[in-house]
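First the structure, then my questions, so here it is.
Letters are used for the chains, namely A, B, C and D, taken in the order the chains are written, and counting of residues starts over at 1 for each.
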Amino acid sequence: MNVFDVGIIGGGVIGQGIAYELSKAGLKTAVFESGEIGGKATSAAAGMLGAHSENEKRDIFFELCLESRNLYPSLAKELLEQSGVDIELVQEGMYRLAFTEEEGRFLQSLADEDELEWHSRENVLANEPHVSEDIAGALWLKHDGQVKGSSVCHAYAKGARKYGASIFEQCPVFDVIKEGKAYKLVTSQGVFICGKVVVSSGVWSGFFFEKLGLRNPMKPVKGECLAIKPKKLVINKTVFYEHCYIVPKKDGTVIIGATSYENDWDTHPTVKGVSELMIKVQKIMPEIGSEPVVSAWSSLRPQTADGWPYFAEHPEHEGIFFATGHYRNGILLAPITSLIVKDMILKTNQYERYVHSFSLNRLLSDAKGR
Amino acid sequence: MNVFDVGIIGGGVIGQGIAYELSKAGLKTAVFESGEIGGKATSAAAGMLGAHSENEKRDIFFELCLESRNLYPSLAKELLEQSGVDIELVQEGMYRLAFTEEEGRFLQSLADEDELEWHSRENVLANEPHVSEDIAGALWLKHDGQVKGSSVCHAYAKGARKYGASIFEQCPVFDVIKEGKAYKLVTSQGVFICGKVVVSSGVWSGFFFEKLGLRNPMKPVKGECLAIKPKKLVINKTVFYEHCYIVPKKDGTVIIGATSYENDWDTHPTVKGVSELMIKVQKIMPEIGSEPVVSAWSSLRPQTADGWPYFAEHPEHEGIFFATGHYRNGILLAPITSLIVKDMILKTNQYERYVHSFSLNRLLSDAKGR
Amino acid sequence: MNVFDVGIIGGGVIGQGIAYELSKAGLKTAVFESGEIGGKATSAAAGMLGAHSENEKRDIFFELCLESRNLYPSLAKELLEQSGVDIELVQEGMYRLAFTEEEGRFLQSLADEDELEWHSRENVLANEPHVSEDIAGALWLKHDGQVKGSSVCHAYAKGARKYGASIFEQCPVFDVIKEGKAYKLVTSQGVFICGKVVVSSGVWSGFFFEKLGLRNPMKPVKGECLAIKPKKLVINKTVFYEHCYIVPKKDGTVIIGATSYENDWDTHPTVKGVSELMIKVQKIMPEIGSEPVVSAWSSLRPQTADGWPYFAEHPEHEGIFFATGHYRNGILLAPITSLIVKDMILKTNQYERYVHSFSLNRLLSDAKGR
Amino acid sequence: MNVFDVGIIGGGVIGQGIAYELSKAGLKTAVFESGEIGGKATSAAAGMLGAHSENEKRDIFFELCLESRNLYPSLAKELLEQSGVDIELVQEGMYRLAFTEEEGRFLQSLADEDELEWHSRENVLANEPHVSEDIAGALWLKHDGQVKGSSVCHAYAKGARKYGASIFEQCPVFDVIKEGKAYKLVTSQGVFICGKVVVSSGVWSGFFFEKLGLRNPMKPVKGECLAIKPKKLVINKTVFYEHCYIVPKKDGTVIIGATSYENDWDTHPTVKGVSELMIKVQKIMPEIGSEPVVSAWSSLRPQTADGWPYFAEHPEHEGIFFATGHYRNGILLAPITSLIVKDMILKTNQYERYVHSFSLNRLLSDAKGR
């Protein structure tokens, strides 16, 4: 019978993570994915676990990122065991570069005892000799790292299946209709009755907000990436400057990302975007210019007005949950998101402060910024 | 403003063909595609223009197929001019093989003056020397041919854009809501007001039937294909036996298709399906065994209860049209479908008999078969 | 037995063309290719048939190009018939752009009656509306065109096989040793006795020059290309400026080429090369910036000191022929090269003037330039 | 200047491993690769480290395999540090299946204390529940494992470059000529003077044996492989039966190999070969039938008469070494081969017994078999 405890709309890394945690907790879970598992923003991600890389404030979003990042080591082991898939976790730290003295002073001001350490130009060049000699130094984000995003999603999905979850591909959800205490999900593969519903379909979640009486809080931000496979360069750590990241993967490939175009729904990498990225990266690491280009791709990241995700139950429709709007941080935040959603559904109240901070109420004040 | 004369749901070859004809006729047209243009069944098709290949009756469906096939030569020229894309039309005929005497007698009984000619075993082997020597002969379908399905779709799309059509990718339609005399299409990219609506999203059209008060008349039939690139074999004509087709393309690739699994929503080619196809094709043309495998893929074909498409206006909601259910014949029927839909929308009454025969009324009698 | 009338070293478009013509003429022919057929410069070519595109003089090299180009229409038909492969011949002309008044005056000076026509800025933009508005006009090379290079090679190879030629892949030739009136070719697949030998292995031909007592007259020129698949742009004609070509293919892909790095043996497209090409092409046709990037690749073109190929018998070793050094013109010159080599081998003296002009004697005067 | 201590002919995993060890030891080393690094048999390998998988005798070849396998854990760390590339070492053991009682008794007879353990049918199915229920049991090869072959090669190459090695791609060696105490290597990129020469070009090494006065002891054995990416199946250990291996990789892909065709120089996977492999694997693990096919490929393995490699100095030409003929064991044996060659060149006499056993003298007795 098409009856489930929980129906999850969206089979990217967020949806699969939630399915994994819920089915592991004994709930009968189904994932409805309109295309293929992890086929959109998830596979396009460079997979950085950058709790610090774009957080300069020490606010609750930073804490969320840090906590999620710190869940990865044990999760990596668990998923390998359950699914046979290695998510390629690396935690060697990242370099955030400064090119001017002013940038350097700013980064130095961020240094702390545990996580962030200022490295002089000489020190950086000793560790990463291919970085441009024009740098002024770099902040070393000691414990930030990376995984392979598509593998996290794939591992979660295989693990969820092992715990009994059903995963429907090519199965868009068109409608969510209240039916007693449960909900009917109307899909291309028929109607499913779900006790609870989780909306986690990235930028395509917008429809469900509106459908369920809320304002759509998201817009797409197109991001293009590039992969190279260096013959000579050995890059040890992720290095970034402004929004250009150089992420060395375990198989010797290096991913370079990402451009950022707001409100562009196109998912193809363009000549303009790719060439901009290529020019930027050659400034950061000039020798990359002579290394082989492998491929380029693009995806749509779901951006909310404040750039933070939503973890929230619908204010009026009990049992409908939103776990979306992760913008550039979907891979990083998948582990904590999965636990928070489980917590909301099982009412175990472990993550109340996150539920409080990443609530839908922000929608009301979004226009004012923060 | 998001207002269009016609909104088309589904950007495969059918949707793009309709968009092309409508925008060429001066209507302000939009296509809403949930993924990428032509990214589903359209690109997976072998592109056969087989009016005869699976039609043994001389009914109106056969006439539809024949008329559509015969539109291709002039369409090929027009699309090349409008879009710069060559759809790779070939009309060299096909061979339908007989392996047993009984099959031979049956095929001989189909021969006619204009289109179908019986060829003896020797004759077939003289023309296509790589066909198995075990054949009893073949029916030559003189005027059947092929195109490159993805190019037809791409050409239609570029042509439609040139005539002013808007094409939205990554844009699923979730809802169709009556709004005065027009319809609101609720999509991931916002709400669009469309005077008329065409549903042409293949097997995913089912939802819109149900949404609009009708029974979903379609089920998916998964089909796997295989491409080889022969080094030695020169195959001139498409050759087929039962449901295994060998289709030589203009670039030297040969497409072999297709398996047929009902009610399977999976879109990956499987070990089982691909190996079955490989075994079948080696019986038909043994030397293919030593030729290089290039790739394998799969898609979902929208099958109705009688295997015929629908060309129909909604019985209760004026201005909603269905052009879907093309099963294995989407590429073949795209040209005539586009004209029929234009005819229905512009009320030019040129294709009344098709509109009559491919009506939604069949839904009522579907269960009875025909 | 491993005995052939002619052994051809190199299985790119030149080698396969020669194999085709020789085996068609009744000679027992073998091709020895160190990797895969057409796997190097041949597949990387944009396939332009540009008799005029880089020839401003009206010398014998221009005549050679023109004659070879004019062989293509009948060759295309013949190869389709023999091999089933369509080489995608297009002869719609090309635009050579002028951006400055001076460039415009120079191009106008080249205009003639039959082949070259000056088009004003307005005229060009009417025909090719996506070209930059900054142009001063363009020379229209009326009859220049293009084919799909890899298909020409593949078609030649299949045709040659049909006429009885043997094609050995993964079969490098290490040595050519005189043996009575014939030659032993020492390969990884054993020793072959060949009455005559043709060296046509592009930039890798150099070794055979030296091995046979001559100076190696070639150096590699690395060229990177880029493919895009425009959603909107309809480009009808090949357009070029300086060394940046925009070549619309029949399937809707557009190839953009090429960079030019001398003495670089690397065959990977690099970040530097690809980004340079992307920047150049956006100047020529700004809207290309928003079109999807499909892939990038690179190859090595064999450049002689004067940029002309060699068609010559070895001055001391009768029966050894060189047909190599085609630089950027391998696809264009394959048909005439094949006929010239056949002519030399069969001693039919039809192409004496080319044999005279593209002789090895130039080697002596290369250093002096011309 | 083009002068090196050692010139290595062949840039697969064997050649790069040797280059790594030699340049690490301070020698000025060059690798000459006719195509791209690791582009032939190396990338095609499934990467098994199967000391036991095909060795039933306890002879010196078995010892060689075991010793090389046991070098991998520390090598993996070293290469990660030097090159940034993770070679994806897994050492979870393999299952060698028995389907009949007789096969079971034979495998039980092989069980020993340290490495080989007999598992009953129930035990195997508990560990690998997707294996066919028709098995009689399996031998567990406790410490055998796998790596990613292309990554081993890539890591060795980057490491070698870091230690100063020069790697020439697209650079076939045509000749080896004695020049005083050194050798001239004649290549497409010019002549290089090398104090010593190592021949490690797999099945293409044959020429150098003959060139240097020896009999070519190798023939190609074509092997086809297949990759699938299971959605459901979790396979923990490599499982094999006869010559069909199922190798789960860390990224969730499963490689299935290999067919075996002697004396076939073709490098394309064929319809026949791939379908045979698909049928075999479905017998071993029936549920694989419904999993997605990703790709198929093929390569040529260099087989000697006794299936053992050669590690030997030329009997007459001092300073010419052979390290080739690794057949199905190139990845497994790369580490020990690299050390043995270093040992021979530096005359450190650590591996005398291997040098003794894998000598060229076997050539004389090859015909007699063993």
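Please note the rule applied: contacts are C-beta pairs under 8 Å (C-beta built on N, C-alpha and C of every residue); 3 or more make two chains touch, one makes a residue touch a chain.
Which protein is which chain? UniProt says A, B, C, D = glycine oxidase.
Since we're looking at a predicted model, the values are computed, not measured.
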item: Fewest touching-chain hops separating chain B from chain C; value: 1
item: Maximum centroid distance from chain C, chain identifier (CA atoms); value: A
item: Cα-centroid distance, chain B relative to chain D, in whole angstrom; value: 47
item: CA centroid of chain A to CA centroid of chain B, Å; value: 38
item: Multi-partner residues of chain D (at least 2 other chains); value: 231
item: Residues of chain A touching chain B in the complex; value: 34-36, 168-172, 174-175, 186-189, 203-204, 206-207, 210-211, 265-267, 300
item: Residues of chain C that touch chain B when the two form their complex; value: 37, 82-86, 88, 148, 151, 154-155, 157-158, 161-162, 167, 230-232, 234-236, 248, 250-252
item: Partner chain D, residues of chain B touching it in the complex; value: 226, 228, 231, 268-272, 274-275, 278-279, 281-282, 288-293, 295-296
